[in-house]
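In what comes next, chain A is part of two complexes: it sits with chain B in the first one and with chain C in the second one.
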Partner chain A sequence: MLRRFRLEEPQSVAEVSELLGRFGESAKIYAGGTELLLAMKEGLVQYERLINVKKLTDLAAVKVAGGSVEIGALCTHHQLEDSPALKEKLPALVKLEQNVANVRVRQAGTLGGNLCFAEPHADPGTLLIALGAKMVAAKASSKREVTAENFLVDAYETSLEPDEVLTTINVPVPGPNGRSAYLKFGYLERPSVGVAVAFNLNGSVSGMRIAVGCAGPAPRRVPEAEALLEGKSKEEAVGRIAEAGAIAGKASQAISDLHGSQEYKEHIVGVLLKRAFQSALS
Partner chain B sequence: MAKAMTRHSDAQSLPVSFTLNGRLQEIEVEPHELLLDVVREQLGLTGAKRSCDVQVCGACTLLVDGRPVSACTTLAFEVRGRSVLTIEGLAQDGKLHPLQEAFIEHGGFQCGFCTPGMILAAKALLDETPDPSEAELKHFMHGNICRCTGYKKIIESIMAAAKNLRDQAR
Partner chain C sequence: MQFQKEVEILAPREKVWRFIWDVDRFIACVPGCKEAKTIEEGKRYAATMVEKVGPFKVEFPTTIEVLEREELTRIKAQASGADNKIGSRMKLDLDVNLREQGDKTILGFVAGVDILGKLAALGHGIIKRKADQVLDEFAQAVKAKLEGEG
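Take a look at the complex of A and B:
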């Protein structure tokens, strides 16, 4: 059962920001509701008002502009798994979206909502960090860009200010030598561990980015593991991948919970990093 | 901003006009009312079931504009201007849908609790992919849980219905 709340239905980002500023913590943005409504039904959170942002239809489109894919925050997972532009430019993200939860969650849930809710066991943040995505956070009369890793601060916590709205997720289009992959593993409904890699392969590995998610409170880059593979030939990098995996496991901030023990998750990080790297190479 | 009619100080009433099983339906709901409760309690269609209540099991599946949603976690006002199909609306003129026929013929259910959601999800699959591979079928249906059949007969039922529908379309 949901407790009674009031519904606001603004038509612009400025109005949303104004409502957030006016009602503070008693109001929350509502988009797909796949996470929010569950938490509200459980009584974990309670709001006097929900601000339905689905009338901001401008934010439900994917555009390719100037070397970036601009994903509107209101795009649903289903829209993204089906997007021709994304299939061409960011196939690793399409594959991730095809495997988010189940068909009903993908139908309702939005990418922006997923990121703003910052549930630790979510898939997209990890790959978006590896791909170097930037989030556009807007207020009534200003906007700023935040990197994905600086956006996802902690479990259920983002760096959005109270009256800021996530409008767009800008993902740089990988170059012709760009390689990327995201792999996850879990035995419950949500993943225990997710690992993403993105790099260029042109004789050697460059621009190596590795991100680990789900294991700990928020997805994180692993610069020490990246450095180990940076500038190496394919063969050298493959030879060092187990060491990189061990470093990434330790850096994952894995916690012991229903999804597995800390040691187990750290081990799986290594396994997934190896497989993700191999999958990106092939 | 949408102006809503106010019934009393803390209740907000939203007019919802939508198509339910092919017929225009006009109701009023409060913002917090869930589609599953409105369909079951207010409209008396009890085919969709509440089970996990967290979008995992699929027992409450309804089709909104042809796509499966979890009615347990969908706010009722969201169906404004949309078309909702429940299991009660699937048979036409007293004749069962080929999916329903196939589930009976191939033993695609035992207790029947998951069946309305299972059949509606399968309809969404076959409407967009008339000739699915078994892998496509399993990927699409993996969010619908059955604790009786072990799934084999469900897969057989959907595959048989798919073939029947393709044959009918010829």
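Take a look at the complex of A and C:
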């Protein structure tokens, strides 16, 4: 059962930041509520105040500007799976969003909420890391950009300061030779493993980025596996993908839990990397 | 969950042993442990353990019972506590052993940690990792404190 709480309804990001600063850990931002309300109903977390940000409609839009797609943090997963701009510029993200959780979560849950809650078995963070996304964190009178990788610090932990608000997710638009894919696997409600790749293919593979998520506490890039494929021809890269997969598996910080043992997840990372790479090539 | 740790301390065994029984100094090395008090010297103690994973915070008022004590060599203890707000319980079986190695002391411990109740919803992996971190920080803090004293 939900305990009583006070609902604050700020009209601006500055006001949200001010409320967070004033009430500290006794207040929490409420966007889609798909994770937060479950945790509150379970009694795992308690807040005196929820700061409803749903009325900040400026943060619920997708814009294309200066080589980037600017995704408002309040965009729901459903909005993103349906966005014409995203379909054109970031089809891998659209495909990911089409498969986030279930239709009820996609209708209410927001991308910003998903990233800020930092549940280890979430999908978007992994692909956003591979795509080189940057998060805009704002306060009342300042803002800064944080790379997706530095944003997702640990299980349920982000690098947001206590009075910072995630407002926008900026994703660079891949060039004409840009390739990307995200694949996941799991047999429970949430995925056991998620793997994302992004690279340019112009005779050879360049700008290779590989990220692994869900297996460990937070999604991570795997520079050692990237280095193995960087600068290689398509055929050479395919030949080395199993080796890259084994490296990525070890680097995934996989932990044994209900979603699978450490060894199992490490193996699946390799399988998914191979398939994601092939899917991005095709 | 079972954990096994060993830390090498550049200090004589007597000094390490005395440190373990100096409740205030010892407790200061346990991350998240506060309000430690002695209920019965050498036998029963009480403390509050506060741990955090992201927004999830637990506070276990804990009683610690010394079950066996072998001078300068071994301590077997058990601790348990409950967080009624979250509806979770914690149980810890601890086996601490000391052995000399030249001018060093090897402080080893085997810990069996059980977390029951709603907190378990966070998942075994997350809790295991957190417990592992706490034990590592504890071992390093003990080493730093004893070696820092010269």
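Definition applied: the second predicted complex is superposed on the first by the 282 of 282 C-alpha atoms of A that agree within 3 Å, B and C clash if a C-alpha of one lies under 4 Å from a C-alpha of the other, contacts with A are read in each partner's own complex, and residues count from 1 in each chain.
In the analysis below, a residue touches a chain if its C-beta (ideal position, glycine included) is under 8 Å from a C-beta of that chain, and two chains touch if they have at least 3 such contacts.
Keep in mind it's a predicted model, so treat the numbers as computed, not measured.
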| item | value |
| --- | --- |
| Fit or clash between chain C and chain B when superposed on chain A | fit |
| First, second, both or neither for A:L2, with chain B first and chain C second | first |
| Chain B versus chain C as contact partner of A:Y156, first or second or both or neither | second |
| First (chain B), second (chain C), both or neither touched by A:L258 | second |
| Touched partner set for A:L37, first chain B, second chain C, both or neither | first |
| A:V103 touches, of chain B and chain C: first, second, both or neither? | first |
| Touching partner for A:K184 - first (chain B), second (chain C), both, neither | neither |
| Partner chain(s) touched by A:K139 [first = chain B, second = chain C, both, neither] | neither |
| First (chain B), second (chain C), both or neither touched by A:K28 | second |
| Partner chain in contact with A:R220 - chain B first, chain C second, else both or neither | neither |
| Angular separation of chain B and chain C about chain A, which is computed from CA centres of the superposed model and rounded to the nearest 10 ° | 100 |
| More chain A residues in contact - chain B or chain C | B |
| Minimum C-alpha separation between chain B and chain C after superposing on chain A, in Å | 12 |
| Touching both chain B and chain C, residues of chain A | none |
| Interfacial residue positions of chain C with respect to chain A in the complex | 53-57, 85-87, 118-119, 121-126, 128-129 |
| Chain A to chain B touching residues, read off their complex | 2-11, 15, 33-34, 37-38, 41, 50, 78, 98, 101-105, 107-108, 189 |
| Chain A residues touching chain C - in the complex, by the definition given at the top | 28, 39, 42-46, 118, 120, 154-157, 217, 255-258 |
| Residues of chain B defined as touching chain A within the complex | 1-2, 4, 10-12, 14, 30-34, 53-56, 58, 61, 67-70, 73-75, 77, 121, 124, 139-140, 142-144 |
